[in-house]
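Below is one structure, written out as structure tokens, with a few remarks after it.
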Amino acid sequence: MRRPTSSGNSPGQITPEARPRTLDAAAAADALLPLHVRGVCFDVAGRRLIDGVTFDLRAGTRTVLLGPNGAGKSLMLRLCHGLIQPTAGQIEWNNGGARQKGAQAMVFQRPVMLRRSALANVEYALAVSGCPRGRRKEIAMGVLERTGLARIASRPARVLSAGEQQQVALARAWALEPQVLFLDEPTSSLDPAASAAVEKLIAAIFASGTKIFMTTHDLGQARRLSDEVLFMHHGRLLECAPSEAFFAQPRTPEAAAYLQGDLTW
Amino acid sequence: MVGAGTDPAGGDRAVPAAAGHGFVWPREWWPRERWARERWARAALILCLHLLAAAPLEAGERFLTLASTTSTENSGLFAHILPLFEADTGIAVRVVARGTGQALRLARNGDADVVLVHDRESELAFQREGWGVERREVMYNDFVLLGPSADAAGIRGKPIAQALRLIFNAGARFVSRADESGTHKAEIRLWRAAGLQTPVGSEWYLETGSGMGATLNIASAMNAYALADRATWLAFQNKGQLDILVQGDPVLINPYGIMLVNPQRHPHVKAEEGRALIAWLTSARGRKAIAQFKVAGQQLFHPYEP
Amino acid sequence: MSEIYTPFAAAFTLIERLDSDLMEIVALSLGVSLTAVILSAVVGLPLGAALALFRFPGRRAVIVVLNSLMGLPPVVVGLTVYLLLSRSGPLGAMGLLFTPTAMIVAQWLLITPIIAALTLQVVEDLWAEYGEQLRSLGSGPLRAVPTLLWDGRYSLLTTLLAGFGRASAEVGAVMIVGGNIAHATRVMTTSIALETSKGDLALAMGLGVVLITLSISINATAYLFREFTRPNYA
């Protein structure tokens, strides 16, 4: 962020008064999480792309999903988010699977901006999630100010730089105050400065009480942004460990090779 | 956002719907406040309704619909006499110009109040079947046989029956309207009177299935023979090398009759206005107006004296 | 040959004189076709978008029919509307035959399939790009209809222009249901047909030049509008 606001940079300063719903969301997080993924498989045209994956996703941590290309990371994220349905196995939210609008959000590798202003993009997400018309502008503007994007609020979202677009996408997701935020390689098409801005934003969103579940190819980023690591390879989940332990001493040869940069496929 | 779908939370500002009312404003998807705010939407809706409603905007005006033929419309006769009628009676006449066959069909369907055509046989049949009443003969003009001035078949100045036989024997190109118009029906009668079968199917006999003007355009472009009414021919501006080759034969007389569409069959027919038009056209004033209409100094229609 | 120049001379004379008959005809042409386009948009845009977004049995068949209807012959539409509105037809009591309303109905029937089919294409392409994001936000197909129509507005403007072009250029349908009645239902195309049948080819072409000029101005206006606003929204 080129012109960081006080609150945007230091999540600790985000006061409960400014964001009353955050506390509610944090308090309710237990209702949605943990997410239980049980023996999930996903086939496309007879090919098994996800094969018997089982794990739990708990509130209050940042989980990073690692693995070489083709491991099935993006698919796993979409399965959890509900964009695609598993061929076999169960994905169960703690609250019984009722998919509340706005309770979970996702940021994609390439942000999809609607052909309207950055502010209107955020307002749109709020509208879809059922936020009352009269409150949308105020909430959207508040999020853009927190994220240091107020200066581009009225600019057409589609002509913003890739980094700015991704930040708007994050702001759009944050505006919903989701209990879980999925991020699919959010910085892979960004330059280092923009990546740093996005990382700060992710940290801020986490600090506000949102569970982070993301994939990345950037191991440095994974170290900075993870509390625990899931490692996938060829559609199977091979490791699930606290991040220090994983990076210090991977248990499987595939993970070790991946960390050494030997395993790209 | 355009027409932004449902807004479940919009209800938190909405006044509770009054119970007992038959119509409840659909404030769920278009709350009043939004209606007030989105002026453009309101403007567009109003514009739309306005345009639709504006369509029959002269509903208060007094008018009748006259189904008639292209010869009377295209020659400019109606443009000359109908304003005089409107000035006298305050009734505007809306002319739908079709061939005689189509004009009678419109009238039979009740889509016209009065019909003015030129095929006595069909007119009498129309009356016999009860579709038309109060028929009067209004005026006449005559048919002329046109052809290239070079006249390969050599028909110039011949009686019509002989001229048609010459064309038939020479296999000279002849363009027929073939649209059941008065002119087309007259043409069929003339072939028959000449002792010939209508040469449908002959290579040299072209059926256009179109109006007089379109048929003349084709005849002009192909230097072909054709039968036309004199009025349309005189007013026609794309004569090319065509010329009148045969005229003046008594069988070429082309009488126009007018009828009111039977109001007992079609109660919506504007009988009063229709009768006014029929009376006016056959009155001294109407006859004078018809006689005074001239194209290139030539009188085109001759009113019948009562 | 002067023949090729006479139409332009005729057109110029018509415009220069500001012939009141011509103005009336132009106004009616624009009024009828614009109304038809607006009404077609009201139906065709949501219909096309819905066909792009909803999956239901028989959807492919509907799309095939819709695409075929794009080539609907105006004369057939005219005849159909005539049979409906004729005093002997089911809607005869409304007395709409030979009125501008009847012409609007005919043109509406003619261009609604065009607008719907082109909208279907535009929205399908947009959905390919937006689909995941919108579903992630919790937007179902119904909610996506207005969103994608609004986001596709620049492409859809072209769609509406295509509809307007077809409506204002057709003669067969309005001739049958309008009747080409002077001062009531005479529009540009039926006037051209009339002058042609009178053999006044120069005047007919002159009217043609006026019609083309109008069409070019409308398209140019729309194009400029697009060019000046679109860069803001990429």
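In order of appearance the chains are A, B and C, and numbering begins at 1 in each one.
Just so it is clear, contacts are C-beta pairs under 8 Å (C-beta built on N, C-alpha and C of every residue); 3 or more make two chains touch, one makes a residue touch a chain.
Nothing here was measured: the structure is a model prediction, and the numbers come from that model.
Relative to chain A, the most remote chain by averaged C-alpha coordinates is B. Of all chain pairs, the one joined by the greatest number of contacting C-beta pairs is B-C. The most central chain, judged by the distance from its Cα centroid to the centroid of all protein Cα atoms shown, is C. One simple way to say how far apart two chains are is to compare their mean CA positions; for chain A and chain C this gives 47 Å.
Chain A and chain B, compared by their mean Cα positions, are separated by 72 Å. In whole angstrom, the spacing between the mean C-alpha positions of chain B and chain C is 26. Among the residues of chain A, those in touch with two or more other chains are 124.
With touch defined as above, residues shared between interfaces to two or more other chains in chain C number as follows: 143, 147, 150. Across the assembly, chain B contributes 1, 4 as residues in contact with two or more other chains. By the touch criterion given at the top, residues 1-6, 44, 47-48, 51-52, 54-56, 58, 65, 70, 74, 79, 92, 94-97, 108-111, 211-214, 216-217, 220, 235-239, 266, 268 of chain B touch chain C in their complex.
Every residue of chain C that touches chain B in the complex is listed here, in rising order: 31, 34-35, 38-39, 42, 86-89, 92-93, 95-101, 104, 142-143, 145-147, 149-150, 179-184, 194, 196-201.
Residue ranges on chain A touching chain C, taken from their complex, read 78, 81, 83, 99, 101-102, 105-106, 108, 111-112, 114-116, 124-125, 128-129, 156, 158-159. For chain C in complex with chain A, the residues that touch the partner chain are 129-130, 132-139, 143, 147, 150-151, 153, 231-234.
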